[in-house]
Structures are given as structure tokens and as C-alpha cells.
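Right after this note come the structures.
Two complexes follow with subunit A in common, the first pairing it with subunit B and the second with subunit C.
On to the complex of A and B.
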């Protein structure tokens, strides 16, 4: 790196990249600023945005929740799934049906969706015990393919229509938002926006805490080396099936939110294309990082949105391609090009850049295990490297 | 000396493929046993059968208890830890998380004091505790594999070809540490090796494994005197 910038006096710390001891006050300042900025943006949007922008952000949250779910399974546990659209669809159908036909409270339908998705995910985890990589991908692919057929049968036989209505979730009175009158559209959008933000936050916190726990270490251990994990006493069957179940359950919350947002949906609403979107969003943001799926989902969603309204019509293209804007094609090309440049996604890319300026160094070693040292888990003095 | 691990007439394999054909071996409490065997003799299979990772028949007794039908998870809890062949590093976990993963079966997980204890023995691991374990050198990864296995506080440590792919000087260091763990802590160890001068030096008993059964066994001195064994496995 830039050796010229190094200070001449031997032993003095290098100017750049600047070391920041882990969990030192400065490190905390950075963390708090980061959280505050994100919270401020979220609140600003909630207070000022138009219904259509709010709707877009909510839609991006749905994509982000699904990507967070997939990240738990694929990023941390190493099991691929192209079938996550099915979990999203299952929870959406469960919500739409129970609310419209059984007059369930919409929040109970969320619980139902989570439970159903967990069970289906757990069941899908069973073949995953024997299959890996492309074989597991094929099984989940089959599930994603079968879902529209099942959904269609369900619509024909139970709903007796070719679509299912959304849950029309309206804001409870304590929020101060109204569900009737001229502000209803905006207020409903605000409410769904906050539902999206909160569910995304919950999904993030669940995955984060799981990742940092003993169970989370075992997930990654299983991904990195199954044999070694097993000889350490990690139960492979349990770990893999439960991870599949939890991931599916989280994806289910995305489906419930879709059902709350959409006016109507049908058997073609949750197809394998959605699954591919989750995968692209995850890899764009950075798999196996906590923030990657969220960053990736937002980047993907708004890039997609931008391209749809701004992509050119290239009439010189052959056949079908020349008929519409080539947004999807450009989007795919951009994602592939980006992942080629930054294999660890946006988050990996930003981390790499940040490392040129700041390096988080490990906490200083604990001097000795004297009782006083045990009282203070975090000695403040930083070790000069 | 009481027998800690006693394996009698062990038969095991993979599906229809039978690899171990009635194998007998034992490890005494506080001693080091070494299994010598060529490539494909069934050393790794033996380790897997002892730790319950594959279907087995015969009898495996540990500390007087029959563990032939015990699950791998419970076997670790009883006090058998394994350093798998090829080290089994969790490459994307940090060094300290690798070690914590080693204490997976312990209630309450790993205490910082345990980590510190092993950092003292392996200072290199302490220096690199927040790095991804995949970025360590081969020798460091082998040390990590041992420290990680020890985090479950085992009575018996199984080491599957720990010298594989390591420079001779690192191998020496490694066996010095295994010898110390045995001498200072009374840890019982079962090591398998192909090329085994160093292993035999710290061994109390040696077993020679050929195509799934033990063809010779004895004290380290006895085995070193056996001409054919010496030629085949000790290389002089």
C-alpha cells in the first residue's frame, strides 16, 4: 500500500489505513452514526414520500426479506434453494384465503404463513440431507415449478375464481392513520411501509443473532466442512433441516406482506423468476454477510425500476428484443458485470474500499485473568501495532 | 494402567463396501497409541467408526462404557474429540470462532478462559484470532484443529494424519506439542500416520493396519525392532 504516507519515525502507527480497535469508543461512534443515518432516512421517507414511492420501498423490503431468508440458507449454511418463491407464494395464499374466506385477523394469517412455511421448508430440508449443490438446486427448482400448478388448482377448487384478493391490511386506529377518506391511500401506504421496514428489521435481527450464536457458528461450520462439524458433535440433519425451516419461515413473512400490498394475485404471481430475483439480489449485495441481502435487494429493486422507465428501445436488435425496452437484459448484464468485478458483492466492495482508510483491529489482549481484569471486559488502551 | 478405549472386532465400511474387517486396538489411560498404515489401509475409516460417524459393528468401549451404538454427538460429550484428516478448518469462520465451535457440545459453550488457555499454548492463534481461519498456513491450521478439538475438554484425542502436507520442521513441532499434551496433562491420544518416525517416538503402543485389520501390535520398542514393519513404515 502507500508506503510514502507512512510516518518516518519507526514504531509509530501508520497514518493510513488508520487502525480502529474493535469496540473502542471511536468504533462505537462509527456504528452509532451508521445506524442513525439509516434510521433518519427511513423516518424521512415515512414522513415525506408519496404513496407510489412508499409502495416501491415496501416492495423493495419484500425483496430484501426474501433475500435475507435465502442468505441464511445459502450464504451461511451453504444450501442452495431456487424454491424460495414457493414459500413467499404459500404465505401470500394462506393470508389471502384465510382473511377473505375465513375472515381471519390479518395478523393471525401471518402466524399461519410462518408456521406453514416452516413446515414446508423443514420437509424440503429432508432431501437436502442427501443432496448437495446442483442436485439440491434441481429439487428446489422442481418445487418452484410445481407451485403455480398447485396454486391454480387451489384457485379453481377453493376460491372458484382465477385470482385471490389481497388482505387489504389497514392501519389500526392507534397509529393515527386513517383507512377512509381522502388521505386513505397515503395512510395505507405509510402503514404498509412501516410494516415492511419492521418485518425487514425483525428478519435482519433474527438472522444476525442466529449467526452470532453457537447455532450460527455451527451453520457456517457445516457449510465449510461437514465432516469436521460432525466430529465436533454438530447434528447435521437437525442443523440443515431447521435452517431450511427458519429460512422458509422468514421468506413467508415476505409473502404475507405481498398479500397485504397487492390488490389481487394469482398462480403466476410467485414464480421461479421471483426466486431468481432473490438470488441475484443476494449476490449483488454480498452473500454470507449480514447486510448484503438488504443492500443488494434495494440496489436491485431501484436499478430495475430505473431501467424500466429509462431503458432505450434499441430497434436494431433482432426479433422480440427490439420490441420493448431492454431493461431486463441490461439489468442482468449489470448484475453479472458487477459480481465479476466484486465477487463479494456491494458489501464486500465497500468493505474493501473502507479498509484502505480504516482497519478495525482486534481488541487489545486481556492482560491477565486477574479478578480486576475480569470485571472490565473491554480494556480501553489500544495496543500500538 | 487402565484401558480407556477398547475396540474389539470392529467391522465398518461405507454402504456395501466393507473396509474394516474385525479390527482390535486399545488406548490406555494417559498413553499415546499410534496406528501405522499405508494409503487406503482404513485409518480414516477407523477414526470415523470410533467417533460414530459411520455404521459399525463389533464393540467399542470407552471408559468402560459401551459406545458402539452411541451417536457422534454423545460420543463427543463423553470425551472423545477428533482432529479430522485434512484439518477440517472452517475457513470462513475466524480463528476464535473455530475454537468456540470446538466447544459446541459443552453446556454454556466456550468460556474465554478456555480460549486463553489454548492461546497460551498456541500463541500464533492468539495473534490471528480475528482472522478468517482459511488464511492461516497449513501448520497453523493444524494447530488450530488441535486447539479446537481440545475445546471440548476431551479425555481422548483422535488425530488423523496430522503431519499430512506439513513441512518436516512443522511436523516436529506438532508432535512435540502432542507429546507435551500427553505428558503434562495426561491426555490420551490415538494418532494415525503413514510415515511415522515422529509418531512412534511419542507412542506407548503401536498398531499396524493393513487392509482393514491389525497385522502387528506392540510397544513402540517392539515395533521398532520388527524388521518388516520398520522397513515399511519407519523407512530405515
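On to the complex of A and C.
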């Protein structure tokens, strides 16, 4: 009968790696444990961490949301963008301005940011239809370059100052985070921390759902072979522009969160360096994997944090190295070296290791309705695989 | 069913198709033959709307195909395979075939994002894709990525993926290239079988003469973008111009 390549059916059953059938009870146990551990860590941090740690994790969430957004566009749809810092900046400015000058409710400013970013992303997706690879990179690069100028003009003409205040999002009463005085800072940090976690979770679920659906398959199909995708019925124009829009909208939520966290920000707050950070985080964690951008963003953020506070004291470093911008230098070197060793990022690396122990075997195909005589006459070339 | 009327395609100075006309009837297997560079693939690309015709018309069951966009072709019931493979290398064979069924689905961005009411269609699509893989003896490779598999295997995957669109008209560009003799015979059987099973009309480009002559109901022979013969296989095989074209003595 069927010659399977899975190690399970080859003669004597091997103990390792152990096959775990997809969606089997054991598989569910693993899933539930995974989710429970992550939830427990998140809750533990929310209950016990200091305001500065909470602030750091929130900042890491912002980076993670932007990386998740970029992953949808670049990882799954194959469209590169070095302009995602612009969407983050646009949503931050929209929130800061409407809340401080028009006295909008901060949550409406989130909606506005999402809509504006979607529209700008969609518009950027239009030239992207005719451009590929490095040319698309250049166009988005130009957008990232132009943003600070636009932002500066906006500050000069509309705000009449050289910076914009944050939205000072305060916790609603139902959260119970309403202390006065010196605990107020902690309460606000806790609230923003949960905002970050929830927005990241939503971004993750959106991208995950898309990926596991008909649309997600079409995105990857477009990335892998545009012509074939079109012949299968995928509307390239529609798919690519909408994906650009959704990716930009997700990045916008990161910008809104930034505006809630920062006291002030200006035209230099969301530059091309941020875009590069999103790209590095994505590739560090693993592009085109669902968890890659999140793992990558957290790894990047805390590595960056560690190097910033420690590297300047490393007097054993040769020459004047520890005096310069050593942290950025080391960080760049580490990320590049790692991606060189593990091209599929941290997630790809861990998956490879885990596959030595457990293999999740896909749900089998529906069995043949009528056993076909052809089943026994397999062509030669496929037997050896 | 298909009427190609006076179609010409020009690439700069090259005339790839030069006033080509032919017809295919419902349920027919039509062979399209001709030496390298005759314009066979170009004809495929015009029908699947990857290329525009410089002049001429293509009617498919009364619809003017040249006014349809590339992504609208599958909905009309037209599917194709590619001469040099156009698969999705990072996807598994199963996923490749599932993308083939894209035109049959209705879940858009909203429903996919919310994953509301998508489970049933997904399950059915997966089941059907599995059946198609089995039908082309590829089910044992269902969960392997397409990248790196042998050419002959991938050629069959192209057929499975095309069938997932539930076409009524299937275009196959050199499905037998890279196959051994035994496999070619098997492929002929497969093509006839799927034609009957899926009630298809077929346009088949193939250099393997025995195969084309063996399974085609009619054959169109072309050279330099022009039709040189059209008719039942026995007549086309014995046509002087066709013989000359293949022996390379044609002016």
C-alpha cells in the first residue's frame, strides 16, 4: 500500500522522534500547557513587576506588534517594506493630536489611527503592484525618509511646538487601577502593559487566522509564484493592496500604544531606524512563522536593553570600543551572526531541535472512497523518497 | 466550445502568433503540436490571459476571453498546467492543490480574519485536494513541500492542482516532458480517465508524438505562429507540411 516517508511506518517503530498526531489529545495537552505557561508569565509580570519593567515589556510589545505586521506583509506575502515606521508614526501623531487638541476619547483615536494607516498602506500597495524586491524596498524607504519632514511641518503649522504630547491614557475605573499619588505611576504602567499584551494578542490572532485560511494560502501563493496564483483565480491587485493595508493598520496599533506610553514625541521619534529594528526583530525570530516576530521582538528588545546597560562597562573590550555606540554595534553583529547560523530564526531553530524529539503528524487524508487498483502501481520515482 | 479567431501576438519584432485560428468542441482532446518556438505556449498564455493578443478574438462558450482578467479565467472553468512548472515551492503538495481550489471558495478577508464559518469549506477543500492527490498517485507525498521533488512528480502535481479548480476546460503544456516511456503511457491513461471523470475538454501541447496522436480527437499543427494543419490525428500525421516542419526542411 502507501509508502509513507514518516519514520513511523518504516519497519520497527522508532521511539524518537515520537509522532504526535495533529489535534490528538496529547497534542492538545501540549498546546494547553504552552498557552498556560505564557499566560502565567504574563499575569505574574502584570502583578509583580516594577513600573520600569512593565514599561520595558510594553515597549517590547510595541516592537512585537510592528514585527507581526511586517511578517504578514513580508513573511507571508513577500512584499518588503522599510516604511513601517511611518505607519507607527502616523497613528501616534493621529492619537496625540486628536486627544490633546480635539479632546477625543483615546480609544476613538485608535480607530482613527487604524483607518488612516489602512488607507496609507493601501495607497502604498498600489505602486507596489508594479515593483518587486529592491525597487519596492526603495519606494518604502523613501516614505520612511519623507515622514520626519512631513511630521515636522505638521508640528510647526498645527501644533506650533516642536513636539506633541502623549495621550496620557489613564486606566478606566472598572480596572480598579485608580490609586492616587505615588502608586498612580504603577497603576498606569500596569494598564498600559495589559493594553500592549492585548493588542499584541489581537495582532497575532488576526495574522494567524489569515494564514490558516483560504486568503492566507493565496498570500503565500502570491509570494511563491504570482503568475500561477493569478491563474488559480487570485486577484493580485486586490490581494496585495489589501494585505499592505492590513499590515499598516496593525502597525498603527503599535503607534497608538507608543503615543499612550510616551510623554512627548516628535518628528525624530519614528524614523527609518525603527523600520530596520522591525526587520531585524522579524528575521531574528523567524520570518513567515507565526510566533517568529513576537519571539524575535522580545529577544531583540531585551538583548538591546542588556547590552545598553552593560556593554559600556566592559573594559576588557579592545581600544576605545566600550566608549562608542558599542551596544548597537554588538547587537547588529549578534543578530547577523545568528541569522547566518539559523536562517529561519529563533523559531525555526527551536522547531528543528524539537523535531528530534516530537513530530506533529498532519491529520491523514480522507481515505479512498473506492479502493483504486492504481494504488498498488506507484510510479518508481516516488518510492525511494 | 473554444474558438480561436485570427489571433496574433507580437513581442517587439518577434511574431509569436500570426493569425492563428482553430476550434475545439465540447469533450474533445485537442492536441497542439509544432516545433520549438512555434508559439504553442504563447497560445496558452493568451487563453489564460497572461499575454494580450495584438489582434484577434478568443471565444469560450460565447464569452470573449480577451475581455476577462487573468484571475477571472478560473471562475469560467478554465485551468492549466505550465511547461516549466509554476508551483508554490514552499507549500506542501496538499496546500498546492488547495490553492488550486481557490476559485471555488468564497471566504474573503473578513471571514478569514475572524475565521467565522470557514471550517466546513476548509475541511471539504482539504478532503477534495486529498482525493485529487490520490487520483494522481501523489497522496503519499501530501505533506511534503513541493520544492525538491522530481520533475515528473511535480508535473503530475500541476495536473492535480489544475483539477482542483473543477475546470471544464483543461490546458496542459507538455505534461509528458521528463517522463519515462512507461510513465508516458500511464499519463495517457490518466488524461483520458480525468477527461471522462471530470467531463473535460482538453487542449494538449506535447512533443511526444505517439502520445498526442494516441489520445487526441483532433490535432492542430503549427509552425512559426501559423497553423499548418488541423484535423484527425491520422491526417495531420501524414500531412506534407507537418512532416516537412518536423524534418526541418520547411523554408
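As a working rule, the second predicted complex is superposed on the first by the 337 of 385 C-alpha atoms of A that agree within 3 Å, B and C clash if a C-alpha of one lies under 4 Å from a C-alpha of the other, contacts with A are read in each partner's own complex, and residues count from 1 in each chain.
The rule is simple: a residue touches a chain if its C-beta (ideal position, glycine included) is under 8 Å from a C-beta of that chain, and two chains touch if they have at least 3 such contacts.
Since the model is a prediction, treat every value here as computed from it, not as a measurement.
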Exercise. With the two complexes superposed on chain A, say which partner A:22 touches: subunit B (first), subunit C (second), both, or neither.
Key: first
Practice problem: Examine A:362 and indicate which partner it touches, taking first as subunit B and second as subunit C; both and neither are also allowed. | Solution: both
Exercise. Examine A:209 and indicate which partner it touches, taking first as subunit B and second as subunit C; both and neither are also allowed.
Key: second
Exercise. For A:149, select first, second, both or neither according to whether it touches subunit B, subunit C, the two together, or no partner.
Key: neither
Practice problem: Name the contact category of A:221: first (subunit B only), second (subunit C only), both, or neither. | Solution: both
Practice problem: Check the contacts made with subunit A and report whether subunit B or subunit C touches more of its residues. | Solution: C
Practice problem: Give one of first, second, both or neither to describe whether A:268 is in contact with subunit B, with subunit C, with both, or with none. | Solution: neither
Exercise. Look at A:232 in the shared chain and tell me whether it touches subunit B only, subunit C only, both, or neither; answer first, second, both or neither.
Key: both
Quiz prompt | Contacts of A:353 with subunit B and subunit C, given as first, second, both or neither | solution = neither
Quiz item: Which parts of subunit A are touched by subunit B and by subunit C alike?
Solution: 214, 217-218, 220-221, 224-225, 227-235, 288, 362, 365-366, 369
Quiz prompt | subunit B-facing residues of subunit A, complex | solution = 22, 214, 217-218, 220-221, 223-225, 227-235, 288, 362, 365-366, 369
Quiz item: Which residues of subunit B touch subunit A in their complex?
Solution: 51, 53, 71-73, 75-77, 81-82, 84, 87-93, 97, 100-102, 104-105, 109, 112-113, 116, 126, 129-130, 145, 148-149, 152
Quiz item: What does subunit C use to touch subunit A in their complex?
Solution: 48, 50, 69-75, 79-80, 82, 86-91, 94-95, 98-100, 102-103, 105, 107-109, 111-115, 118, 121-122, 125-127, 130-131, 133-135, 137-144, 149-150, 152-153, 161, 165, 183, 186
Quiz prompt | List of subunit A residues in touch with subunit C within their complex | solution = 2-5, 206, 209-210, 212-218, 220-221, 224-225, 227-236, 242, 246, 288, 362, 365-366, 368-369, 372, 374-375, 377-379, 381-382, 385
